[in-house]
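Alright, structures below, take your time with them.
In what follows, subunit A forms one complex with subunit B and a second complex with subunit C.
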Partner chain A sequence: MNAKQMDRLATLFFYLVAILIVCTLIGLLGFILFKGISYISWDFLTEAPGSYILGEVGGIAPMLFNSFYLLILTMIITLPIGIGGGIYMAEYAKPTRFTKFLRLCMEVMSSLPSIIIGLFGLLLLVQYTGWGYTLAGGALALTIFNLPLMVRVVEQAITAVPKDQKEASLALGITHWQTITKIMLPVALPGIVTGTILAAGRIFGEAAALLFTAGMSSPNLDFTNWDPTAVSSPLNPFRPAATLSVYIWKVNSDSLSTQTAAIVSGGSAFILICVVLLFTIFARLLGKYIYRRLTSS
Partner chain B sequence: MKERGNTSLAEKLQTPARRIFWTEWRGRSITYVSVWIVILILLSLLWFITSKGLQPFLNGEITLSQFFSTNWSPQDNKFGSLYIMLGSFMVTIGATLISAPLGISAAIFMTEIAPKWGKKVLQPATEILVGIPSVVYGFIGLTLLVPFIGKLIGGIGFGLLSGILVLSIMILPTIISISVDAIEAVPQKYREGSYALGATRWQTIWKIVLKTALPGLMTAVVLGMARAFGEALAVQMVIGNVPNAPFHFFISIHTLTSMITQNMGNTVPGETFNQILWSMALVLLLMTLVFILVIRLITRRRDVS
Partner chain C sequence: MLVVDQFNVYYGEKHALNNISITFSSKTVTALIGPSGCGKSTLLRSLNRMNDYIPMFRADGSIRLGKTEIYDSKTDVVSLRKRMGMVFQQPIPFPLSIYDNIAYGPRIHGIKQKKQLDAIVEKTLHQAHLWDEVKDRLHASALGLSGGQQQRLVIARVLAVEPEILLLDEPASALDPISTEHIEQLILSLKENYTIIVVTHNMQQAKRISDQTAFFLHGEIVEAKETDILFQSPNDQRTERYLSGQFG
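Coming up: the complex of A and B.
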């Protein structure tokens, strides 16, 4: 075979690989979306879960609520620390040994398996504090899971701010910190927002870090009781809370009736994928929109 | 401080400066504290998992040679976990063998063969693949892959092969995106030089681009392996969860993560079984550190050359 034929053959191979990957993705999404949509009904979204072991399908309302609530709690904790850390990495970190150590820490933390984070949460936030399985514990575990990503997002967004703007601000006699908060952060905002929403999608689907921190069950929730200290209140951060993805896992690992498990988890997976896809699309669109507004004006 | 009334001009001018100095200091401290929070979390995580994982050895409940043996029967207090660790390695290696060539090929496609098509279709596709939660992969594996393999081969379909296939899809986007970065970092003039010498596109890719991007590609593969090794739920759902010797594609096996996931909630804290699970977590953590060390070694070599 001569070089030209070899070249054509290789090109063909690369095209096949690309097509294979795209087909796999379409197959996976198609399977979840087309199979799942038939299980979705108003009742499925708004009712409490049935005892699936007995073959009752029930709904996913508490899990759906828990997933979003946990996401919000996690973001409330993560955002300030993440932005602070990102600013430090982008602006204050000098090439010292401490910075090197810091980068190593970030690298290690971002590649920790999420089950390890879950186990650390179990040890510290469940057993040591004596809280038991709680939303608060889950949110803190997810914070550990999310922090390195958040720091990187903020750091990259700030580093991407044009140098002229920073220098112009400093030349006007504005101090470093004021330059960061008044000039650089607003410019970096689109990047931070996009990165945060993408991270939110990741948190929304995470399960392994939550199994042993937020727990695998939810108490009976009373959606009319909004007092955060009440036991049955959905807002109470010190109650156990299974999220949607934990519920999918739980149903599949417990259920004897595979038919019910398939319906419950098929429907839940549909919702999960839809939310994650919406987050991804939303992040892209928002990023593009803000970028266009900033550049065209 | 003097009274407000008779301060000199110099002092008046200094007062706002002092306030700014204070804001400056406060801002800097906030960021410094955030960074230290991250460091402290990581150090305490390492400390807690390590001390908890070492406990059964320090208490004399199990020796290292017993732990690294193949004799697993919890009812007789035998916790030889070698097959379980090997299970983790087997699924990781299997998934990497599938995903590394595919992922690097896809990266080449996106950068060298059809950048336009690649950016428009393949890049969003990888982003969506990253976003799919691991339980959903596990669920698809459980309802689609496992019955299919069962029908094709006979038997129940759970086992090493199912685990490998599910993981290979999960680590694909990691490998693709880092490989793309590595290949894009190859200077354009290398390619032009190669074409100018009359090389075909394939020769350029094979002899120039891949060779130059090799450290980056290796990083991509190792990061993919780290992800595969630590993945818990998706693997647990399709692997079968029986601690058999992991040398056969179609029988149920266990991995470190599947063992921990399945049994951490079902064992009582303090009993030996539960403590052994923490030792397995320690092994998992140490392997993660090894993967990071390998990546550091690879990238250091690049920095020198």
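Coming up: the complex of A and C.
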């Protein structure tokens, strides 16, 4: 075989790999979306869950709310720390042993099995603190593997800012900190926003870390009571909260009726996938929009 | 007046500048010439301490700007840089409007009034010979300008913080001949008010715009004197060989 034929063969091979990946994705999404959409109804989205053990389908409203609320709580914790850490790693950390060690720690942290983080959360955030299963505990557990991701997102976005722009600003007699806030962060913003939303998609679908921290049940929520200290208030961060992913797992393991389990998890999976897809698309659009706003006025 | 006296720079083990002494008089243009890696940019970036960010960078000797000892630990680097505007090889507008690019420095240095900012923008754009080309689109993105216009915008941005000295690091080497001519004329007109130090690869350019020329080789100044004299009768054989294009 000569070099040209080899080249053609390699090209063909890579095309096939690409097609395989796309087909797998489309097949998977298509299957879930196609199967799931028939279970979706207004009631399914807005009702509380039924007694699924006995075969009642009910709705997923509280779980859907819990998933979003937990995501917001997690972001409130991780965003400031993640941005601070990212700026530190990109701009202030000197290449010392300590910095290398810090990087290693973050890599280990982000690759910890999520069930282990869940167990750790059970010990520390549920039992030791005496909170029981809470949204706050869930958010802190999610923070453990979201934080390294956020730090990396911010660090990469800031490192990608052309060095020239940083120097041009510094050379104008502008302090390092002002250069970071006025030039580098705005230029890095599209990258930070895109990365954050993609990370949010991962949190939104997480189940294992939440089983033993945010718990597998929700109290009866009163969606008219928005006082965050009330027990039945959806906003109370110290209440147990099953998220959508956890609910899928729970229904499948507990329900006596395989049909009910199929309906509930099929519908929930549909919603979960839709939300994550929307996050992904939204991330791209928003990133592009901010970049355009920034580069033209 | 900017006086460099027995100044040395090391990057780790590498001795990048060796015992440099040169004086930059007020309102003159000095050209720093020499082959790549000879240390001319290193000297330029040492003047406003932009090399501070390079790991392993170390300097000794003295550089004085007026009464300020630049490498004294008590020297405020930020206000020092404000006194020395720097322009880089690549035109680097910030991803902001033309107006905001220029107003960026003054705003951070405390000028808030729109009238004052307007005046600064107009004045510096005039100084940079750019006003007529952009006066109708001050609020359009600076990224839409041509390379030559961007470089003049960068010069206007630098002038807006009112420096005493302009450090130009090959300001025209990324530009086409017509833009280069614009920049050269600009340098000559700015000479009336500023001390200008320009690094260039282009010997003809050095000849056209500078009063004093310093020839660098391997981290040393081989020869520094009035441009006409240096080009007509260089003392050192290496200078002569470089100027006649035998190496470089």
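What we mean here is this: the second predicted complex is superposed on the first by the 269 of 297 C-alpha atoms of A that agree within 3 Å, B and C clash if a C-alpha of one lies under 4 Å from a C-alpha of the other, contacts with A are read in each partner's own complex, and residues count from 1 in each chain.
Going forward, a contact is a pair of C-beta atoms (placed from the backbone, for glycine too) under 8 Å apart; a residue touches a chain by one contact, two chains touch by 3 or more.
Just so it is clear, the structure is predicted and the values come from calculations on it, not from any experiment.
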Practice problem: Could you say whether A:P228 touches subunit B, subunit C, both of them, or neither, answering first, second, both or neither? | Solution: neither
Quiz item: In the superposed arrangement, does A:I183 touch subunit B (first), subunit C (second), both or neither?
Solution: second
Quiz item: Is A:L172 in contact with subunit B, with subunit C, with both, or with neither (first, second, both, neither)?
Solution: second
Quiz item: Of subunit B and subunit C, which one contacts the greater number of residues in subunit A?
Solution: B
Exercise. Pick one for A:G132: touches subunit B only (first), subunit C only (second), both, or neither.
Key: neither
Exercise. Using the touch definition from the top, say if A:G30 reaches subunit B (first), subunit C (second), both or neither.
Key: neither
Practice problem: With the two complexes superposed on chain A, say which partner A:D164 touches: subunit B (first), subunit C (second), both, or neither. | Solution: second
Quiz prompt | Doubly contacted residues of subunit A, that is, touched by subunit B and again by subunit C | solution = 175, 178
Quiz item: Once bound in the complex, which stretches of subunit B touch subunit A?
Solution: 20, 23-24, 26-28, 30-35, 37-39, 41-42, 44-45, 48-49, 52, 102, 105-106, 108-110, 113-114, 117-118, 121-122, 125-129, 131-136, 138-140, 142-144, 169, 172, 176, 199-203, 205-206, 223, 226-227, 229-233, 236-237, 257, 260-262, 264-265, 269, 278, 281, 284-285, 288-289, 291-292
Quiz item: Mind pulling up the subunit A residues that touch subunit C in the complex?
Solution: 94-95, 162, 164-165, 167-175, 178, 182-183, 186-187, 294-297
Exercise. Spell out the residues on subunit A that touch subunit B in their complex, using ranges where they run on.
Key: 3-4, 6-7, 9-11, 13-15, 17-18, 20-22, 24-25, 28-29, 31-32, 80-85, 87-89, 91-92, 101-102, 105-109, 111-117, 119-120, 122-124, 127, 144, 147-148, 151, 175-178, 180-181, 198, 201-202, 204-208, 211-212, 216, 245-246, 248-249, 252-253, 262, 265-266, 269, 272-273, 276-277, 279-280
Quiz item: Which bits of subunit C are touching subunit A when the two form their complex?
Solution: 48, 50, 55, 78-86, 88, 90, 92, 94-97, 100, 104-105, 108-109, 139-141, 143-144, 154, 157-158, 161
